[in-house]
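Across the two complexes that follow, chain A remains constant while its partner is chain B and subsequently chain C.
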Partner chain A sequence: MASKVHQVTVWARGVVQDKEGRDIANGLARAAGQEGKFTQSFDNYVDLPDRVNVPLRKYARISDEEIEERYEYENLHPEVVIVADATIVKGIDVLRGMEKGGTLVVATDRRPEDILKFIPNRDLLGKIVCVDAKAICGDRTVDFSGSEGGVDSVGIGQGISAPILGALARGSELVKLDHLDAVVKNKDALHKGHEQAVVKTLN
Partner chain B sequence: MAKEMMLSGCASSAQAAKMAKVEVISSYPIRPYTAIMMELSKMVANGELDAEFVHGEGEHGQLSIVLGAAAAGARALTGSSGVGVTYAFENYSPIAGGRIPLQMMIADRALDPPGDFGSEHTDAMSCRDQGWLMGWAETPQEAFDNCLINYRVGEDHRVLLPQFVCQDGYFVSHIPGPVSLPEQSQVDEFLPPYNLPHPLDPKRPVSHGPQIRPDQGTIMDIQRAQAMLDAPAVIREAIDDYNRIFGRKYAPFVEEYMTDDAEIAFFLMGAHTMTARHAVRHLRAKGVKIGLVKLRFVRPWPTEEVAQALSKFKAVGVVETSTSYGGAMRGGNLLHEVRASLYELPQRPLTTSFMAGLGGEMVSLEDFYHMTEVLSKAVREGKTKKTVYWVGFEAED
Partner chain C sequence: MFKIPKGKEVPLGCVTPAPVGEQPMMITGNWREFRPLLEPEKCDLCMNCIVFCPDACFQLDDAEEKVVLNEKYCKGCNICINECAPGALTAAYELDFDDGVVRLDKPF
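== the complex of A and B ==
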């Protein structure tokens, strides 16, 4: 059988973070592709068309071999979950489907210990990474292009996706900072996210 | 140099339309095809594409707009999904009967009820007998290629037929895949400018679509039927040229995978062919003599090619992604045509249909393994128990 497909799920807020959420998934897939991995990234079809601030999901998949079941709707078993707006963890089981030992990356100004209080199934986690993405590059909606099967016309990683991707490289082996550096536009924010990320290993 | 990009089927289709230099585009929004129009409208607004972009008041209006434009001598493009496809139905016969070779891109979608936005081939398949060329893409790359191939074939004066260029909604239309975008010079070499024989022109008046007497009707039907009969030779030429100019390896009508010495085979079209191919590869590794035949054109239906490809198997599972309620096979549409294609053969394979991928349902490797067991059992017993299996919904097989 084919080798393992590593699944990464991104949670973001509708419309205002639609592109940033997608940039995280696309940036990760493209960076991993640079080291010869097979990748795919896609929006959750059911969450679209998105509504303002309504939670939505974006997916990336990385594998050493060709991904055989490309035509699916969701990542059922994410090993990394990224939350672009920390308040999402209060209402949604973001770790659903995760196997024990997974990683959670949260954009927040709080400490990992504070975020974990809102994660009832935190036992699943092997690691949590927090990064104050908004403090690094501000909070703004960069663009609306690329939604619903369209093409991104401004490039990946100009908003909070850049420091979040930096934090991901800090806390996960799935992607390397150098490869992200080649695809992310706001390189300063990417590197600051990598440096300032707070990583807490659990279990 | 070709440019490699990760594009959704919608985005690749828009790129193809741009490189085909479409002159009139008519839109009306409905998921999932909308992104094709979203991308094209951006191109027109940015000045990348010199085309008239007209927003219809609905799909019926959309088709009327491109009918007028193409009749007046403009390469025209429209598109839709699901109930949008069926809402425009009245226009399909006048366009084909009028021999106006415009193109409609369909990112398919299940028909109501209820409001399901998942992929299913039934929307376009319901329109298959109006005299339009029709086929499905498996990948965003094939969606791109099919746009250019269909314009070339449809606009050929030996054919002059409109084209439904279809892709599975979401699976192909929304999930990005690798697409090689050619040079404009390659496209220009492949696709000559649009040249309708008798366009509407105030300086040279002609009539299109007049009322006729009943005794004049049949001759027009014969001509439309003849155009479909003439299309295969033109498709062959176009595919040969396409493969040569763009470095692809398409078969014109049916593509075979691992069919050498195969005893059983899947027959299908569109997105799920990709997963089926992986399933076949894994099954081969386990010693199962299985292959796959992919259909590239539903219209014109390649009767001889289908018969030839399938005659060598003991059992064929037709994976249906559309419904024909109350039909002879009690399930989908393709098995009707597959069985009709095989009828004249002295030795026919066992055939059955697998209803899968309806309402946007995924078709997994496991589903294909399950279908394989049904086919293997049919070979062992020398018969199929049923003409239709609802994959995942059968109490026992």
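== the complex of A and C ==
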């Protein structure tokens, strides 16, 4: 039997976080690739990354063996969900398709309890990780490099994607901080995100 | 006017069924990070918010003589805040409110 494909879904906001969302998915996949994992990362085809603030999805997949699904372009059963803008939890059922025991990573200045109250299916979660990514590297849109298949001249992880990836490494075994360090540009923010992340284990 | 032969009518790809009051196929409330918060005592009913909102999210409640926000569709562009001369509208962070939840399965 093929080994498990770990699915990670990133929710971000159109235009202002399009690159950051993509950087989270690409950064995670590249870092996992550093330890010999098989990976995929891609945008959601039907979302609207070019409309300001529209919730959109980016995906990553990690496996010990070659990933056979090449044409399935949505993660139907994410075990980790990353939310790059916390207000998305009021607008989207972010845990849809998750099996029990999953992990939620949220970029927010709020405490885990303040986020959980907006998540009616929170029983699915084994863990929630909150990180104040904007406080670490500022509330700004870094660049649009890499969108629509264009060349990314900026590189992965110059903005809030860096601390969010650091927080992910705190709350999940899927990726290690050392491997992220090798691919993320803003290493200071990556490590600050890792240190400052608030992890709450549930159930 | 040219005539389309009967049975050959092609529905336009970009057209969704016409909404009567609201368009349920395009709920935009989950685009919002900051909502326009109304301080009724500052509002002079100038109607700027009603006119300028690109999504017709402010409506006049005639009986109550006040403007009312549709949270399901307000996308948080904050144009109304810019257009409100008496400063009756301010941007308020969405997580500070328990209401205004739309929680869709997908963005569309």
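Methods note: the second predicted complex is superposed on the first by the 201 of 203 C-alpha atoms of A that agree within 3 Å, B and C clash if a C-alpha of one lies under 4 Å from a C-alpha of the other, contacts with A are read in each partner's own complex, and residues count from 1 in each chain.
Everything that follows uses one rule, which is that a contact is a pair of C-beta atoms (placed from the backbone, for glycine too) under 8 Å apart; a residue touches a chain by one contact, two chains touch by 3 or more.
A quick note: this is a predicted structure, and the numbers were derived from the prediction, not measured.
Superposition of the two structures on chain A shows chain C fitting alongside chain B with no clash. Applying the stated contact rule after C-alpha superposition, one finds that A:Arg110 touches chain C and leaves chain B untouched.
By the touch criterion defined above, A:Asp47 lies against chain C but remains apart from chain B after alignment on the C-alpha atoms of chain A. When the shared chain is aligned, chain C comes close enough to touch A:Phe118, but chain B does not. When the two complexes are overlaid on their common chain A, residue A:Leu56 makes contact with chain C while staying clear of chain B.
Chain centres taken from Cα atoms put the angle at chain A, between chain B and chain C, at 90 degrees to the nearest 10.
Touch criterion met: A:Gly150 reaches chain B, while chain C stays clear of it. Judged by the touch definition given at the top, the superposed model places A:Glu72 against chain B, while chain C stays out of reach.
Using the contact criterion defined above for the overlaid structures, shared-chain residue A:Ile92 touches chain C, although it does not reach chain B.
Using the contact criterion defined above for the overlaid structures, shared-chain residue A:Ala182 touches neither chain B nor chain C, since it reaches no partner. For the pair chain B and chain C, the model built by superposing on chain A gives 5 Å as the shortest CA-CA distance. Once both structures are placed on chain A, no chain A residue is touched by chain B and, in the other complex, by chain C. Residues of chain A touching chain B in their complex: 1-2, 29-30, 40-43, 45, 49, 66, 68-73, 145, 148-151, 153. Within the complex, the chain B residues that touch chain A are 6-11, 31-32, 34-35, 38-39, 42, 117, 168, 170-177, 271-272, 274-275, 278, 282, 362-365.
Chain A contributes residues 13-14, 46-48, 51-57, 85-88, 90-93, 96, 108, 110, 114, 117-118, 120 to its touches with chain C in the complex.
Taken in their complex, chain C has these residues touching chain A: 29-33, 75-77, 93-95, 98, 100-108.
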